[in-house]
Amino acid sequence: MGEKMLMKGNEAIGEAAIKAGCRFFFGYPITPQNELPEYMSRRLPEVGGVFLQAESEVAAINMVYGASCAGGRVMTSSSSPGISLKQEGISYLAGSELPAVIVNIVRGGPGLGGIQPAQSDYFQATRGGGHGDYRTLVYAPSTIQEMVDLVMMAFDKADAYRNPVLVLGDGILGQMMEPVEFPDEPPPEPLAKPWATTGAEGRPPNIISSIILDPELLDKHNWHLMEKYEQIRKKETRWEIYDPYEAEIFLVAYGTMARVARAAIEAAHSRGIDCGLVRPITLWPFPERAFDELADRARAYLSVEMSTGQMVDDVKIAAAGRAPVYFYGRAGGVVPSPAEIVKKIELIFEEIKGGSKRA
Amino acid sequence: MGEKMLMKGNEAIGEAAIKAGCRFFFGYPITPQNELPEYMSRRLPEVGGVFLQAESEVAAINMVYGASCAGGRVMTSSSSPGISLKQEGISYLAGSELPAVIVNIVRGGPGLGGIQPAQSDYFQATRGGGHGDYRTLVYAPSTIQEMVDLVMMAFDKADAYRNPVLVLGDGILGQMMEPVEFPDEPPPEPLAKPWATTGAEGRPPNIISSIILDPELLDKHNWHLMEKYEQIRKKETRWEIYDPYEAEIFLVAYGTMARVARAAIEAAHSRGIDCGLVRPITLWPFPERAFDELADRARAYLSVEMSTGQMVDDVKIAAAGRAPVYFYGRAGGVVPSPAEIVKKIELIFEEIKGGSKRA
Amino acid sequence: MTYQVIMAGFGGQGVMLMGTLLAYAGMLEGKFVSWIPSYGPEMRGGTANCMVVVSDVEVASPVVTEPNCVIVMNRPSLDKFERVLLPDGLLIINSSLISKEAERSDIRVLRVPCNDEAMAVGSAKVANMVALGAYLAATGAVSFESVEKSLKKALPERRHDLIPMNMEALRRGASYVNR
Amino acid sequence: MTYQVIMAGFGGQGVMLMGTLLAYAGMLEGKFVSWIPSYGPEMRGGTANCMVVVSDVEVASPVVTEPNCVIVMNRPSLDKFERVLLPDGLLIINSSLISKEAERSDIRVLRVPCNDEAMAVGSAKVANMVALGAYLAATGAVSFESVEKSLKKALPERRHDLIPMNMEALRRGASYVNR
Amino acid sequence: MRKIFERPKSLAEAAQHYCPGCTHGIVHRLVAEAVDELGLAGRTIGVSPVGCSVFAYNYFNLDFVQAAHGRAPAVATGLKRVLPDRVVFTYQGDGDLASIGAAEIVHAAARGEKITVVFVNNAIYGMTGGQMAPTTLVGQKTTTSPYGRQQEVAGYPIRVAEMLSTMEGAAYIARVAVISPQSVARARKAMLKAFTAQLEGKGFSLVEVLSTCPTNWGMTPVEALKWVETAMMPVFPLGVFRDWEVGEA
Amino acid sequence: MRKIFERPKSLAEAAQHYCPGCTHGIVHRLVAEAVDELGLAGRTIGVSPVGCSVFAYNYFNLDFVQAAHGRAPAVATGLKRVLPDRVVFTYQGDGDLASIGAAEIVHAAARGEKITVVFVNNAIYGMTGGQMAPTTLVGQKTTTSPYGRQQEVAGYPIRVAEMLSTMEGAAYIARVAVISPQSVARARKAMLKAFTAQLEGKGFSLVEVLSTCPTNWGMTPVEALKWVETAMMPVFPLGVFRDWEVGEA
Amino acid sequence: MDKRVVFDEERCKGCELCVTFCPKNIIYLADRLNRQGYRPATVTEQEKCISCAICARMCPDCAIEVYKH
Amino acid sequence: MDKRVVFDEERCKGCELCVTFCPKNIIYLADRLNRQGYRPATVTEQEKCISCAICARMCPDCAIEVYKH
């Protein structure tokens, strides 16, 4: 590891990408992620890469498509409305099995909404806001250091699985500064990409396409993709359980919210209620196994989100009726405070003391 | 009711819209829904309306936005990739609380995919493929007549709730002909829209916008929207239970797939296994209550989809661990046959005979 | 009774219209009906087919995976659809264009020289009606009168003079049943 | 110990830099730190603030909702942030620009004429350092030496001649503590 | 004593949030003056973009719609098709109109959509903090062209007025500036004429206004006006590019 | 005995799916001939659109990428930026390029993106069954302009070559037809020149080819060629609109 | 004497556009701050004003009214 | 005699573009159908062919090869 630096999240993402060998960035300005393209516009020319401000998010994601076809390590970033515009392109990347890293520094919606931090693009990120049956790995870091580590990993996973990988942050993670270290080692030799369209000299032509008009063949292609996603589910699901007090109530939170949740857990502890935290690090695949592990113990789950309630669906699926699932959230850029969360925890505590196991 | 006509689904949607008082259509060609804009281009000028082929799906949804601001009854339609491009616009419509009807005649994906019928945009339709916390009513007709009825209703609900409403069909529903009747009565007097931007003569200016930079206010706006969605959930959830044999195994299917499921149910019956069907008519709100009704009886659910598995998530949430949830699906334009489904039913029958209640 | 039929041929042989007329006639007789076309990108041309269901009960699945009749107007359609026919099902072969015989022995086969009969009544275009006539005679799915009424609905007024020729083609097709 | 501070003022008063220096210094001392700015559309100008946490333990929430210190460099910031300060917390008021007194009585208040002291050392631009000096003297969150090191990192080489002036401002601010 | 200059009626009292010396404010006034002079206040609907002028709806006493980034021409089209006897205008920045919204503006012009477009070209993205715009000059430094816009990498500025003048649907297209009393007076005439084109049903009309962004250009407001003249005008010459009354200009 | 005409090496053996007499096939051959003549086969990457030519990748012996509808120029940009020493071209229809992809083509030209665009203008949407295109002529009947394109409602055809010629980044822009041996010969030269512009790093190049759609026009292939000449060419005049060797043409 | 040119000081952002273009050179920024924190433009020598309204037409914030006697 | 102009009949779609442009007017559509169902273009009077390759250059399906002696 190199020297510790105090770095803004958006810039740390940029540096992490460069450290991971990313040399191509196509993006379009939008708050609160502007420092990322700005950083890339300074740094990429220094390392022989290309920064290009696209005419729109739609163009940017399609430039990413082209650069990925050419075998480049490539990235784009945006915030909520811009990510909506990329949905067709993301579906194409998944359909054509192309690697790419896409960063969403989420802000409040819907519509133009606001520019303060939010987590209201969870559904879009995990369920494929685009059309068709596809999935993308979704990393949800909760510190700048973790963001760096996951962004670097994202490039490798994208290449390994030939699939787009999303990194979901929020305005706070993008704008915040925290100490961060980058590995000293040079990036690993990138995977060979014999499928890339680099000119057919000395080999039969390579073709990259997602159109398959024959339903039987398209069905087959879809199941091939699902098998790949199943592999990802098996091997790449990540989560963290924070359980200092052997709790019966578990908060479920990711990203910035998970940090506030930890503060709330301490506050609740000081008021005599012990809680733990399930922190999904991959939002897709969702760590259902964490809930299986806790099944014997957890008497209630509380999904805490900077949204009006999205991840709570996955918590319900994962809990599978084995414990009631509660929700607390604020939207539009308001970050729930530890105090608010503790209040909700107290209510739940009262309820489950009553003994009912279903919400 | 008027005379029975044999009509193509796409054209029936167009006529239903006109009967419901829709006078504005903005769209962009894409298979398998082209007959709908084509029908509108012929018919709307006849009734004093406007058909406009937009330069893209993005432009089309934003024209819809403008027409809705002006108080017009307005519609657009597309198929999967085109609907992905509309996601930002749909989020804006929801954010600004504007009525509009959006038809998706789903085809196989992801990417360019194919043009045969599919149901792989379920997630996108029900979870908001766009950014932010919003929902849209989603109707899923399974006959052309029901399509007509729901399309007409969609306009009323869109106005009543000031929210976009989706109609989710598939290539078969769009291309198929079935007998259909239209009501004779003229459309009801449309709701007054005092909020519309029609020129501020004699009143203070109206403003339609979705930007709210103050997080507290945006949070409030989001919860206001959620309350509206809660109302919709309470009042507009629709489903049908088909249960001729007092079954213990229930198929869950919508649209075209629900019809095939009924054929499968008959076939299974003739092989000695009795099944029923839960057919969601609104996909959002999902009819969780149907599952509560069946909770005492159902020993297994089988979600059957023309996809690799999307609605199955909602079935799991609705079943809430009270019965195991199975899935069978084909993708890319292949419609699962009754025979395939019966095979799956037989497997489930074997399994639950074993007695385990969780999948 | 539920009639499930697949009709297939070259684009231009009128298989879509043939299916539509059957469905329309069924509707006029108060039956439950559905019709699904195959569809594809404009420039691909080639073969076309449709699936029709005519039934006394509500049509469960409009997708015909186990037809009790298949009508093939050209060779590629025979190759593609012979195998999906139910055992004991009816295969109508346009023998004007298809010299090959059916391969299966567990089905009923009716060879009708549709194009030849059509030319005989005055236009190759009514080959589809010859086939339909044979189908109706063999199954009684709908009556000739209903088809005639459907033709009146389906054809624009100025083409109604063609109806007699179409009906004649229908009758010629029918004449191939039980000879 | 966990220091949670909100610093607020007009854009241009250097509150962002002040917070950054504190965080940087904390990092150099091996502490856990975080810094969050307020951000908004470019053209809105007006007030700016940041939240800094310096702690011996991992920073749970970087969002400071219950600060134990608030530094306000202008009047609107006082109005906005006085009320969020924890009881017994420290409120540092730039008395050069804010004549109003604090309203609460359950807090500690330190009035420092930051702009005046800054002018005295040579530039209105170091008013932020005066405030930071007062904060450090009052809390001991980080050492002056660490701030000096941070300045070396934060300022470009060609501006290092400004460091002595900044340090002098820091000391002047410190002199307002416990007088 | 006679008041010879006051705020136009259609311009709201509300203080504007623009930076000191930003000429967005002048352009707002010119729009309001045109609406007032033609007596259109009660039947005009404005469409604001995403950009510094996103809140334009607060500054006019008119019905207003806020559109998605770049889509104001499409939104205006929807409005106008439902309300053909109303007057509809969009107010858009260079990022909004010429970058993400390039397709929408080209097609509104091609369709001869009877709307008026006020296009504020300040060669930069103001709202998001000074990134490169499609109208950024070669060599100009922005936060995403930190080494100056290099034509080899990022190409050349788009001349919107010239580009749209190739469209038969365009009735009136002009480029003006607001950097001096004289240029403001000419801009005022252009604005009037653009709305007149719409009123008379002649087709699409657009006024491109060379405007300043002192904040992101890093200049004083007065320096910024000079820069419009010395740096922008050579690349974006002023003039009338299409005028239905005189044929293609 | 000497073979004096044979299939160019870069054109694949595969039978093409185009309708009888559709001139997409001629344009394909011209592209392959240019690639062969310049010796670029091993280092050329094609980008096919969504449209009848979506399967172009099957018809060339070249690396190929299939792009989302309208986005071929953006995809080509991505390819070219990673592989600056390779030759990249897009092949696009009028719906793809001039309608949904209008922003992408305008910006590729403005950036002076070093790619070659083959733009097949057949005044209609072929693949989806004959809907109106942005290049559909006024009065022309299509499935979405059943009463003929009415300029009052649907505006005027976009002249892409003229529009893009306002861009400084465009090195070569020409409009050709493939309706006679003579016009095919000229089209061949234009194609060569367009690829040469890219090879020499001069900037963006585009050849607009007036092409037929007998199927959706409802004409025989031979009638369709005539219609190009009598109906399309008056609206879309042939010529060279920009040429880096002679300045703006 | 009645004023010819009246500044809405709270609206003024001190941009100096009026200062720059006044043909009589009589506008200057006052030595005080308004509530927004800007030094507002002002005129002392009202009698020198020719009521040309150039200042008002150049003011982005519509902070100037002009009168004629 | 060796042929000057050779048609790949299975590739031909009978569009008649070659027929239209042959300066010698020697191409016609044969009276049979190929496997695709089209009447293929053909030349009987090979000796009249001047090997101008105009037919080949107009053929959208690259179905023609031309030889010169």
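Each chain carries a letter (A, B, C, D, E, F, G and H) given by its place in the written order, and its residues are counted from 1.
The rule is simple: contacts are C-beta pairs under 8 Å (C-beta built on N, C-alpha and C of every residue); 3 or more make two chains touch, one makes a residue touch a chain.
Predicted model only: the values in this text are computed from it and were never measured.
The chains touching chain B as well as chain G are E. Each step here moves to a touching chain, and the least such steps from chain C to chain H number 2. With every chain reduced to the mean of its CA atoms, the largest distance from chain A is reached by H. Averaging Cα coordinates per chain places chain A and chain C 55 Å apart. If you average the Cα atoms of chain E and of chain H, the two centres end up 59 Å apart. With centres defined as mean CA coordinates, chain E is found 42 Å away from chain D.
Annotation for chain A: residues 31, 50, 52, 55-56, 58, 81, 88, 92, 96, 111-112, 115, 209-211, 213 touch two or more other chains. Within chain E, contacts with two or more other chains are made by residues 18-19, 22, 54, 66, 68, 99-100, 102-103, 106-107, 128-129, 134, 154.
Against chain B, in their complex, chain A makes its touches with residues 58, 80-81, 83-85, 87-88, 91-96, 106, 108-116, 118, 120-121, 123-124, 127-134, 209-223, 225-226, 307-310, 313, 316-317, 319-322, 330-334, 358. Listed in rising order, the residues of chain E touching chain D in the complex are 17-19, 22, 52, 54, 126-130, 215-216. Across the interface of their complex, chain G is touched by residues 1-7, 11, 15-16, 18-26, 29, 180-181, 184-185, 214, 220-222, 225 of chain E. Only residues 99-103, 106-107, 110-113, 134, 151-152, 154-159, 162-163, 165-169 of chain E touch chain F when the two sit together in their complex. Considering their complex, residues 28-31, 34, 37-38, 41-42, 45, 50-53, 55-57, 81, 111-112 of chain B touch chain F.
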